[in-house]
Amino acid sequence: MQRRIKNFKNIVTNYKAVFFDAFGVLKNHQGLIPGIIKTFEYLDEKGIKYYILTNDSSRSPEALAKWYQERGVWQVTSDKILSSGMLAMEYFKAKVDNGHSVAYLGTLNSAHYIETAGLNTVAVKDVDLDDLENVDSFAFLDDEGFNWNDDINKTINLLRKKNMTVVVANTDINYPVSQNDISVAVGSLADMVEKIIGKMFIRFGKPDAQMFLLAYERALLDINRLKRNEILMVGDTLFTDIIGGNKFGLDTVLVLSGNTLPDMAMIRISSSGIIPTYICETAVVG
Amino acid sequence: MQRRIKNFKNIVTNYKAVFFDAFGVLKNHQGLIPGIIKTFEYLDEKGIKYYILTNDSSRSPEALAKWYQERGVWQVTSDKILSSGMLAMEYFKAKVDNGHSVAYLGTLNSAHYIETAGLNTVAVKDVDLDDLENVDSFAFLDDEGFNWNDDINKTINLLRKKNMTVVVANTDINYPVSQNDISVAVGSLADMVEKIIGKMFIRFGKPDAQMFLLAYERALLDINRLKRNEILMVGDTLFTDIIGGNKFGLDTVLVLSGNTLPDMAMIRISSSGIIPTYICETAVVG
Amino acid sequence: MQRRIKNFKNIVTNYKAVFFDAFGVLKNHQGLIPGIIKTFEYLDEKGIKYYILTNDSSRSPEALAKWYQERGVWQVTSDKILSSGMLAMEYFKAKVDNGHSVAYLGTLNSAHYIETAGLNTVAVKDVDLDDLENVDSFAFLDDEGFNWNDDINKTINLLRKKNMTVVVANTDINYPVSQNDISVAVGSLADMVEKIIGKMFIRFGKPDAQMFLLAYERALLDINRLKRNEILMVGDTLFTDIIGGNKFGLDTVLVLSGNTLPDMAMIRISSSGIIPTYICETAVVG
Amino acid sequence: MQRRIKNFKNIVTNYKAVFFDAFGVLKNHQGLIPGIIKTFEYLDEKGIKYYILTNDSSRSPEALAKWYQERGVWQVTSDKILSSGMLAMEYFKAKVDNGHSVAYLGTLNSAHYIETAGLNTVAVKDVDLDDLENVDSFAFLDDEGFNWNDDINKTINLLRKKNMTVVVANTDINYPVSQNDISVAVGSLADMVEKIIGKMFIRFGKPDAQMFLLAYERALLDINRLKRNEILMVGDTLFTDIIGGNKFGLDTVLVLSGNTLPDMAMIRISSSGIIPTYICETAVVG
């Protein structure tokens, strides 16, 4: 059904905007995907706009952009990054009453980002279970920065003690840490807690439409009357990037530089029923 | 946390637009909720815009609107109705190649609506399993209009034989047919088929953000620069209307005229962790 | 880890008893697996006992045995057949009060078997929803013999109206009907109903230990002090036969004559983590 | 349907053997259920045998029995205790090759019990991921005794690196630690890991039939030709004790001294469809 096209350039040239997944597309555990800077140079040359959609709530868009800049990709600025953490932050900004706090599991960094919206945060380890008056909402932000044994159990008892809205700011269940190894992502910890307490959490992140909407609204600021079929979504994962892009009405490219390996791509497409518009080896413009 | 307010009027007056769920809010198995026309009269008088969000792909917005008009509620016109069937139709319009057909389970009526977008449809019972060249996508539209024994089995073998995108145009798992009785909705049939064939379907319907986006984009045509927190979502179901509205950044009212019964409302809120901004007996302006 | 051994004979000779799965091992959609009678001749010659474990509640053991006998395999007598239907029948015999009825979905044949235990049955289509005094339990017996549209909806409203124990007498979610085609099994219909009404059903069938216990208790009547590690389970499905046999303490053979295809066997084992003791092409003694 | 009977004595007197759940029936977070010793005295006086079925793999039956003995209940000896840990131990004894090791998550105590069967064990933290030749199986034994952050991630990468059978020796998802607080049980950690790596684990513990079989086989040593309907299962949890007992063919008593609170019992029975034969306030003989 879809056509495998060798060079990403031939595809991308037909679109006004490109949405990139980050991990497995622009970077991997070793750093930047070699040559990816040429892609941004080509897009700039052609006047095609680009944005990065990432299920990441561990850091601010500024901190995420800094990683690219430090590696010479000055094109990736913070205003081009759309993260699930931004959706969580917007949610709390709209919903948390003045003076109240968001309890969280994650690093100090992940909490600082929420605080930039003028909100108070409190790490689970510092929550006083006997004084919850000012704690009205909860966020799963990052799998690091806390003691799982103590703080996951404390989270469960906190959420049993007081009914509050719980936000999962990254729905991924794991992430790669090296060529062969992976790590539990905060989405898995949230799934476990949700099952134990029997409540329903609010989740932000691809493949959910709200991530694509965030990027689409951002792109509309740059390109007046941009239509969805003028946008290309580029991702390495069928179950998040591709199905989410398809459903939102975008054309999609599956690249084989990340967690869908070249020799498994057709089997995965056929067994999942998730069909990208195109398949490319990489997002590097040759 | 949320405040129970007797009269819906006192709440709705603070918003520029209202999103209504249909079943359990505006109507029930006996017909219109008594007095609901006064709500529309009040909203018109105050200049508050209103829209109806419904997980229904059995009929066109015109047919859905006609039901209200026949009962004297001339205010509900087809342009105010946003259905999951519309999202399915838009999806196929963008994604299905010229001359190709959408195979479907549902009534003729449900298929006719998709055909208004210029698409061909073919009922599963009329699909020739030995000639699938022109069948590239599949839709679960309605639980009625076909023989479950024959056509569900045929659907499974069709989807095993050719890899194609499958759209579920109504995610509800059941719907009420009388005071006490319910019926299997097409969402349940789709869940069963998906589990058997092991593929991943695209689903449209509350609580998914795309339904709220459809209504929000519609409302923006009427109200320039409308912000999300200027919209009130009114629903009778925590798991679709309320969590979906909350997540999209709307304020929400749980009404007790549908499937959340008055004496169970607080227990359900507390056990689910889904917290509406307000609770009202009904959406009727007293 | 496991060793692939060409001839089933070399394996089976080390055991006192063999448990066979039926479909994919002894028979397929075309009839008997060619040459399988030689296996029974060999087992008889060596004095190795054999039993057939099948997730089938559509017919009595007598009717199931007749199928083999009609094809010349006189060795398979009804006393050697252990079915999930027998567990359901035993359950109702122990639990249903005198004079009360078991409501069911299935064929007349599937109900007749339960009636041999002295129980009354009533097809869902014949249940009077206004007089449920004598209906205390429910059975999912077969996917055939009733109108799905009408009777599944009636089942749901019956089970909402009166709280009763529900037994699923065959946990399979589908079954093969030809080389390429499958059919929804009654286990899938039960899963759908269970999800809609939110209750918990009692399920009988592999991989559940109770099926293996039924066969083990049967084998103990033939072989005094038979130990579990003296029994070989032969099956074509990792998720039922092999994991169930492993867990019950039996040695297991995966045969490749059914739904685990030869070129996928190692991938399936490796991706599922279900590891048979041996792998053979077929259960036919060469 | 079931009858609520004030005094446990009137029920238990009709049976030859009693299976007790431990937590919520014989003990709670404060210690022994007051007066429970009178129950054992009565059973001894009447010659009714009793056994304790517990989803516990943290300690040996000897250590579990010692807890009762130290509190004056000398009747509870280790030979009367049947734990899910025993099933795990039996599994490894039958399946692990000589000289090979079982990798585990849990306390030293939980591993020591498996070693009493002559098996080697190795804590995940001590596994050398570059030398897995002798590690052929894995056990989830206890939620304590290891660093979750480090060792759960290491477990995932170990199980991705080498395909091996994984046993979950306690299927509970949480357990009470005080009047109001609970703790994540090892079953939840196993569920999370299983979902991330996509493999299928072997689980031991109620409501699975194998736990009831273990106790039944034990009881047969004391009472010749004991039939299942001569056994009474006593538990505080519908989803483990009661449905498991029902399915195994036992009569069941729901007691209200544990996690099914008196005012919720009828609602829970009605919403779950799990119907005990009897309901009692406690298992204490009045």
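Chains: A, B, C and D, in written order; residue numbering restarts at 1 for each.
Rule of thumb we're sticking to: contacts are C-beta pairs under 8 Å (C-beta built on N, C-alpha and C of every residue); 3 or more make two chains touch, one makes a residue touch a chain.
Since this is a predicted model, take the numbers as computed values, not measurements.
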Practice task
Report the inter-chain centroid distance for subunit B and subunit C in whole angstrom, where each centroid is the mean of the CA atoms.
Solution key: 40
Practice task
Report the inter-chain centroid distance for subunit A and subunit C in whole angstrom, where each centroid is the mean of the CA atoms.
Solution key: 45
Practice task
Have a look at which chains touch which and call the overall pattern line, ring, star, complete or other.
Solution key: ring
Practice task
Please list, in label order, each pair of chains that touches.
Solution key: A-B, A-D, B-C, C-D
Fill in the blank from the handout: In the complex, the residues of subunit B that touch subunit A are 1, 90-91, 94-95, 136, 159, 163-166, 197-202, 208-210, 213, 228-229, 239, 243, 246-249, 269-275
Handout entry: Contact footprint of subunit B on subunit C as seen in their complex
Key = 147-149, 152-153, 156-157, 160-161, 173-174, 180-184, 188-189, 191-192, 195-196
